[in-house]
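Letters are used for the chains, namely A, B and C, taken in the order the chains are written, and counting of residues starts over at 1 for each.
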Amino acid sequence: MNRRLLHNLFFAAVGVILIALVYDAVTRRQASTRILIFQDKPQEWADALKLGFEAGLRDSPEGHNVTLITKSAAADPQAATTLAQIIGKEHYALVYALGTQASQEVFRVVKDKPVIFGAVTDPVAAGFYEASLNSPKGEITGTQDIWPYSAQFDLMLRLVPQLKQLGILYNSSEINSQVSVGLIEKECSKRGISLLPRTVTEPSQISLAVAGLLQSGIQAFFIPADNTAQGNAQVIIAACLRAKIPVFTGISGIVENGALGTVGTNYVELGRVNARQAIEILKGMPASKVPVASAASGDLYLNRSTAEKLGIQLPEELLKRATNVYR
Amino acid sequence: MLDSLLNLSLAALLVGLLYAPITLGLAISFRLLNYPDLTCEGSAIIGATVCFMLIQAGAPSWISLLGAALAASIAGAFTAVAHSQLGVPKVLSGIVTTALLYSITLRLLGGKSNRMTTRSTVFDILNRGNSGRMDLVVVAGVVATLLGVLFFLYRSSLGRTLRVLGDTRWFCVSIGRSPTMYLILGLAISNAVIGLGGAMIVHFKRAVDVNMVFGLLISGLAGLVIGETIYSARSVWVHSAMCVVGSCLYNAAVGFFYFDWNPTLTKLMLPSDVRFLTGLLLIIPSVIILRFKNRYRLFGSDW
Amino acid sequence: MLRFASVTKRFTLGDRRSVLALDGIEFSLRPCEWVVMLGENGSGKSTFFRLVTGEVLPDSGEIWVNGDNVSHVPPHRRARFVTHIHQSREVGLPRALTVAEVMRLAIEAGRLELKGGIRDDEIAQRLETIRKGLSRIIREQVWHLSGGEHQLLSLAVAAALADSQTSGAHILLLDEHVAHLDPVSYDTVMESTSTLVRGKGMSAIMATHSCEMASSFGDRQVLLSHGRIVDSRSGADRLSAKELKDVLVNIEGGRGLRLDQL
């Protein structure tokens, strides 16, 4: 193909696109209330959050007049920085950021608009709150993707009705673990189960700790939101299976690898919760006064072969309700 | 519309200057030394991590920046040694170092991939609180200082030897300089500059995250080549200045499509389509230059 | 000045074949002597040169320069006493640098102090010494130079490198440096080469496979064939071009490399 022709075609194409965009910008009206959704990389759970958020807004009367604009940094951290800078100076009613990284980018720059974060595990560690969730550092609120422990315990008691002692293992130097374990402890005392915790500081200590717990006579084991325990789940699962003790956790991936079951976070639901928070803010409540929330329900995952090995019968209705049943 | 453009320009300038050290460091390895140094992401993250740790320990800002540069320079030296002494091919040497550094970094960060700091950073020197308006001045100041240092480097015997080394290795031997030693020095320097860039990012974000260097090599090279395409410099200093310009232009191209476009039109595009448009926008300077000019080649490299 | 004592070098090719590039070479170069080394392709001329520059290390034997054993000295340290001018421009001077920049580097090479930099007139003067009118190329980038200009520049660089070395004794290796030039450039460059070698009293070894060159230049003719010095003639004993050709044809028989089986 003639080079000159190619050049001209290229310029024509670019010209058309640019003219369309400019025309657009010039003729736009100041639209209704605009909310910006900031996404730093395309991920399944982020898309689920968005879906829930949109649905939540649509289903409520106040949310009808809202225009949602999504801007994505497409997995480029440098672009995320630029994007945050640009957003900082534009006009939105509020900014909804998906995930910890995106929320941090936004919060750092946006000071004059309320910020809602979606699915941040620890908002204090992320820098949005001072010491506890009662002291926000600005006009910010959002949802945590904490595991639905209540639903977890329901599952555990359903499958292991004789549960009286729950074994748990975590790395004492990890901050997020303590949050997780604290919540589990609360759940346990509510249901009259005693929690037997063991701490480790290094993966090599795990086998010993698990052996000790199995000796003390636990009926089930729980792997909390702890990187060390999750990273070495195989060791824990192998030891517990040998002793015919079921393992529960919050991550579906670990269920796939041998844990008995879990109730994981449903991100669409979380998005809806964010939508409710957004509506509160649009109605006039300052973001700092909106409490941080988390989802009530979750997705059920079960492992059939583990159940067989343990001699546990998985109830029909659970199997039907489950999002995924691993072999 | 006009204030949107101003918005974009300021944002591009700020982020472009912030990432300019990366481009300058890559210019030293890819152009001056003619060495495809892929250590970039590794040295940026180790620089960032060391900077973060120094900030946490209460060190003054300039020490954290220098410490980062030093740590990153060791990474660069390692790459050079791997290639010249251990015989690892050029392209692989940088990859090896980056892989090693990833694990080292995570260990230093205590296993967490993302950590924040509340201590003061270099951006707090001019800012009282978080006004953000002086950020541009601080970044510009750092980049100007860096360019000044590079100015003296390029004038010096060391700088000229590096250029010779990249161009024709044999001549470096001919003038009695050891190519191995100068390669180590050269990559140490280029990665020190990149490490400084990583440190600046940490100061700006007040946090370190192992994922923040993802795509850094590509965006750094993009800035480098855009700067060269816009104007073919005839001296090494102008070339450095064009690297900075290129970094800003690249970020402008990326940010261009984050404009406040009318939602009806943007409904046709997915948010992630911005990359596609960025790509188109980046072809433009090349096509224009191709039509109008004969490019002067300042360095002996071919890519 | 330069001495090879029983130097042997064998290269291993793939699949268990090897080439004996140099076989027990005994060679001496006197100060201010210009040796022309004549040999067919594969006779070992390149290997010989690379042994002098240090690019290649001998398997056995020793290499002496001015009373020092330099057999295992790395190449960049040998630059003090040897300069290698190549035929191919790929391995020649830095391509993107200007002539001025290259000359500047060469002049500075041995000196540790830089007294206020080197002025352009010194560079121009050096270029003029090599050949009248050469200073016109001073602002050009090396890759824009013609073949002849490039080799003239190589000579200027060699002269500058020799001057900058404190020891003063310098060996010039001319590795078929005019082989690819057109007849006019050939004359120009060889004229300048002679002027340089004689004028500075350098020791030089010039490799060639041209019998014409071997008979027209130099103080001594050395014939190299299959890794061995076959003959060495100096002064009045030197052969004419035709005689050299006959000798070569007789020795060689067939062309190309002869491989030794392991």
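The working rule: contacts are C-beta pairs under 8 Å (C-beta built on N, C-alpha and C of every residue); 3 or more make two chains touch, one makes a residue touch a chain.
What you see is a predicted model; the values in this text were computed from it and never measured.
Steps from chain A to chain C, taking the shortest chain of touch contacts, total 2. The chain closest to the protein's centre is B, with centres computed as averages of CA atoms. Counting C-beta pairs in contact, the pair that comes out ahead of the other among B-C and A-B is A-B. Centroid to centroid, with C-alpha atoms defining each point, chain A and chain C lie 71 Å apart.
Look at where the CA atoms of chain B average out and do the same for chain C: the two points lie 43 Å apart.
As a whole-number value, the distance joining the C-alpha centres of chain A and chain B reads 33 Å. Within the complex, the chain A residues that touch chain B are 7, 10-11, 13-14, 17, 20-22, 24-28, 31, 39, 42, 67, 69-72, 74-79, 81-83, 85-90, 100-101, 104-105, 108-109, 111, 125-127, 173-174, 227-228.
Interface of chain C with chain B (complex): residues 53, 74-77, 79-80, 83-84, 86, 91-97, 101-102, 104-106, 108-110, 114, 157, 161. Contact residues on chain B toward chain C in their complex (touch as defined above): 157, 160-161, 163-164, 167-168, 170-179, 297-300. Of all the residues in chain B, the ones that touch chain A in their complex are 1, 4, 7-8, 10-12, 14-15, 18-19, 110-112, 114, 116, 118, 130, 132, 204-207, 209, 211-216, 219, 251, 254-255, 258-266, 270-272, 274-275, 277, 280-281, 283-284, 287, 291.
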